[in-house]
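Next come two complexes, and both contain chain A; in the first it sits with chain B, in the second with chain C.
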Partner chain A sequence: METEGKKRVWEEYQKEIADDHYFYVRSCIRQTFFPGSETTFLKILQNDLKKDVFEDARHTTCTGIGYHTDIVPLETTMTVIARHFALMTEAGYVNIIPSCVTSFGLYTEVLDTWRHFPEIEAKIREYLWKATKREFKVPENLVHTSDIIYKFRNRIKDLSKVSLINKKTGLPLNVVEHIGCHYSKMFPQSGVGGAEFPAVLTGMIEAWGGTVIDYPERRHCCGFGFRQYLVKANRGYSVSNSKKKFESMQPYQPDFMVANCPGCSMFLDRWQYTIAEMEGITYDSNGTGIPVLTYEEMAGLVMGYSPWDIGLQMHQVSVEPLLDKLGIEYKKEDKYLGSNGQNIGEPQKPMFLIV
Partner chain B sequence: MAINSQHIVIIGGGPAGLEAASCLGTAGYRVTVLEKEKQTGGKLLIWDKLFPEFRNSDKVLNHLSNGFKTNPPQILTNAEVVSVIPENGQHRINLRDGQAFQADTVLITTGFKLYNAEKKEEYGYQIYENVITSFDLEKQLKTGNPIRIEAGLTPRRIAFIHCVGSRDIKSGNIYCSRTCCITGVKQAIEIKRRLSDAEVFNFYMDLRMFGQNFEELYIEAQQKWGVTFIRGRVSEIAENKDNSLQLKAEDTLSGRPIKMSFDLVVLLAGMVPEPRTVEIGKSAGLEFTSGNFLAGLDSHISQNETNTPGIFIAGTCREPLSVAETLTDARAATVKMISWLRENETSHKKPLIKRDND
Partner chain C sequence: MGKLYDRLNQDIRFIEGLNGCLNCGVCTAICPAAEFYHYDPRVICATVQSKDEKMIEALIRSETIWYCGECMSCKTRCPRNNTPGFVIMALRKLSQELGYFTDSEKGRQQFAIKRAIGGNILRTGYCVNPDIVSPQMHPEQGPVWDWISMNTPEIMKKMGSNYKQAGVGGMRAIAPEVLEELDRIFEVTGCYTLFDTIEKHSKHKANELGIEISDEGIGNEYFMTVYTENNGSHNG
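== the complex of A and B ==
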């Protein structure tokens, strides 16, 4: 593999990422899947990097899941997104940072549509005014929150307590990076590094000491694919796509995976449990599965945050083998303690997947 | 020996430029060939064998150099032209090193550039070691050494991908580069000749076998050499752990997605205009085709004349052509040039060659 060739591709896909003053919009589903991720992002941005991040409780879904399953019409989606822009404008911000890759893709698609068809933008402005009496300015800078962490990866490295290095062997950890399809596959220019060799997660991993695995099915969908999962009859297709990826990455013995999309993190994690229960197999050598992190969780670990404070107990695949490799100390008995110190209850043990 | 004082400058010493120089010299004109490289011959110097007869490219090069017996042109190498400026009924040709030439008429034969296959990121050229272009393969064939992949091993399964950077609106090139189809057939046969046990596949959209004996060669590739042709565009290439390549495509005849592994993938990269052709064309006020090649005055009757009187074009600087077509095109251009010179024969008494430091 020629890394210089990759660097030339990355140079083609660089984008402007605002330095400060962000209007933050959360994901609908991440707070359920990996509830510590967004909190960790805010802590790193606000407390460690001293950035101005604002969020508005009146922000709603972008309708992405409904839109991509043909339930919500495009005009409705655009009007909802226009309302988000109005909230941003009213708060005095110009830089919008969605936490969800699907929201980011949809915002990008809407802005691109308006650039090509100004009459549609005018129509949506009219709809928004009629429905809410709100007006808006289009964002000056739209980036995904993983772009923000990518931008500050070297600052985070300077503040870090942990490197992505195996404490016992001293070798870089082997990391599988996976970007959401909606991050750059629809608009390659909108993603750092483009769609074929995206650099957004690779940049973080390499800056923090890890090695990225380029395995044959790296570009393949995580398996979520919206209607592959949302239509119940298609879920076997969803699992089989994830399985294809796991089988492809297995020979490289990854220490963990990291993703920047809510669905990808979820399905790469949960389907390992499903496949283990269905077939009695895992894709690591110990039967515990390959841990999956969100990029905020990865950044949180690097910054020395407690794994239980950033929500790693919510993962299906146990993260303890990874924490051991990183040399992070943790108390097993604290794993299921809530923020009030009370036990939140332990999940039922799987039959095959070792937890 | 020249019998006509009128001076012709040919920009580019490839097949078109040399063939035109030979014809114009034979007709008695004083010709100067300006070649930017240190040697004339253009891409024929790289190419090993030519389709469809597998003729050695040296034979064509010999033909071109043998054309200079009666009235040889002045050939200047390392002479990179940056602009052509129409001036007082003549043309001033400026070189990057500051030299300048005056000509009654100019023929531009600056050739083509290979499409930069790195732009098709999904194929991983210059990232995956065993993804090469047809140019890279030709260089390897020309050495006469056994065909090897990066690790020094003999490839057992080889794929050719057609239309890389041609007929591809995403790459910005909607036109057909024309010669890639037959090049894929020729190179597939050459591999089978050297590696009879190898499995060779061509992935194509459709095969445009327009030239004499092209279709016959395509049939021979299948019947005699066992080359497999799959109609389907390749979507992506990835590298396996052993550095072999995983290729995904859709077989559009069977309507099924396919995934195969190969030891070597050859990208049949198309032709694009040389950047300097565009630079020169703009300086001379020439018009361009939608593919940014130099445009002829009329697509049927005046392909070699341009919108700037006295400036002519020939060869692959105006459209993708085979070697045979390029030579024919060059000869056609010379006929038009001679006609034009005769019609515009005024007393041009300016110095044959003028240097800025004279």
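== the complex of A and C ==
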């Protein structure tokens, strides 16, 4: 892929990412579907990179899914986010790092709105004081957690045990990267590389030895669409958009996909199962589907973490074909064991998708 | 009630989202909803820009405004820096405030979203948590999710979460005093007013249609109707 020209053009989209001392805000979707990813992120940051990451048990949802399904007013969402700023301020931090891309987009929208309309910020300060008696300073540095991994990608490479290279052929793995829409489509200057050529995942993949696939529908939405997935009657929208992406990437024979958005990672995984069961189709040559990783899982594998400790058993599309290519040793029989190695049963096998 | 256009113009998202549309249609070209539904963000912008009250009223009573997925892909590509997705958010808010949302099948779904997501936020402090992703309502989640649902505490423990416990960590229990703060924020900022409006108009519609509706929760016929009903006229 020709990247030199793009790097030059998009230099203006290289944003400042704080070096240390982060106030961490979790994601509802990530905690629900791939909780090992947040645990892995914290282990890498705190244990491997020796960074200071603080979490306050009193933080909540940002209400983002309620806001983007239009049942929560903007003023409410802004005030809930302002409360998170207050918790950050009370803890003595100035750098805030949301785990969720929807949250990150909203935090960015809130700060942008306040910059253009200071009277709205003043109103939200009044609401927050009235409701909670809290006050806040706006963050000095707001970045998504994937930006943090991007920033330390070369340090992670130095500590790595695994490269994104096919052990048998010695060739770089072909990787599809998917950026959550709200990472930079609304505010391109808020994302590393902007909206058209975001570098946040590309930077990680290339630093760790992989090759990025540039395919026609690379920037297309995964299809979450908020109300379009949450309401059962609308889910055709959601699966159709993922299907469009799968069909577009299929000719490039990806070894795996990686996403920086909690929702996207889940949908790109689950919709492959759904399409396989509905239509008897997979988008790989073996009938197992294309493995989907979160960027925290990808970093965890590169760091040599156990696949079952970071939560890869919670994916519907099996990751074993990818682990085999990476040359990572694992015990298949350990995959579904409980925390003390006890038997807690196994998932049933799908009708069509091979697991 | 002021003019519809004037009310839209009080919404900051409308002000920020529509700087003057030149009707080039780039938003429609990039829009995932336009590809799937009978939906055209270019026409939405043209309609509200016309300031024609009858057309705007028809729009906020229609299915059309509920087709957008709020991915905001339109924002990136618009040469005038418009955000049709923000315009949609302002239209949806107005449609709900006026009770027009119950005129459309897709609009009526707001009741299910309010009960499921709105209720969950206030009950747990999360928009989404494992308890509300039931395998029965989400067959697309597959057998791995069935297994996770049957073993949630154990799997969460293995993943390093602090499932439903006090203190920091993934899927921790949000303390009652924190939920009280959320409750007060929802009160002060008008979220409960919007919730009450959605409830009032939904109950009126349910009664009009002769469908059973309860005062709370999702175990009622109206919830399941709006959650699952699809008359097949939205695309194709």
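Operating definition for what follows: the second predicted complex is superposed on the first by the 350 of 355 C-alpha atoms of A that agree within 3 Å, B and C clash if a C-alpha of one lies under 4 Å from a C-alpha of the other, contacts with A are read in each partner's own complex, and residues count from 1 in each chain.
Definition applied: contacts are C-beta pairs under 8 Å (C-beta built on N, C-alpha and C of every residue); 3 or more make two chains touch, one makes a residue touch a chain.
Keep in mind that this is a model prediction, so the values were computed, not measured.
By the document's definition of touching, neither partner reaches A:Ser285: not chain B, not chain C. Shared-chain residue A:Arg218: touches chain B; no touch with chain C. If you count the residues of chain A touched by chain B and by chain C, you find the higher number for C. With both structures placed on the common chain, the touch criterion links A:Pro35 to chain C but leaves chain B unconnected. Legend: residue contacts after superposition of the two complexes on their common chain; A:Glu196 is shown touching both chain B and chain C. Of the two partner chains placed by the overlay, only chain B lies in contact with A:Pro251; chain C stays clear of it. By the document's definition of touching, neither partner reaches A:Thr169: not chain B, not chain C. In the superposition on the C-alpha atoms of chain A, the part of chain A touched by chain B in one complex and by chain C in the other spans residues 195-196, 219.
Remark: chain A residues 1-2, 4-6, 8-9, 194-197, 214-219, 251-252 touch chain B in the complex.
On chain C, the positions that touch chain A within their shared complex are 12-13, 16, 32-33, 35-37, 66, 68-73, 75-76, 83, 89, 92-93, 96, 105-106, 109-110, 112-114, 116-118, 121, 125-130, 133, 137, 140-148, 150-151, 154-161, 166-172, 174-175, 178, 181-182, 184-191, 194-195, 198, 226-230, 235.
On the chain A side of its complex with chain C, the touching residues are 26, 28-32, 35-36, 38-39, 55-58, 60-61, 63-66, 68-76, 78-80, 83, 105, 113, 116-117, 120, 127-128, 130-132, 181-182, 185-186, 188, 195-196, 219-221, 223-228, 230-237, 239-241, 244, 270-271, 273-274, 277, 309, 311, 313-316, 336, 338-339, 344-350.
Within the complex, the chain B residues that touch chain A are 118, 121-122, 124-129, 236, 238-241, 246.
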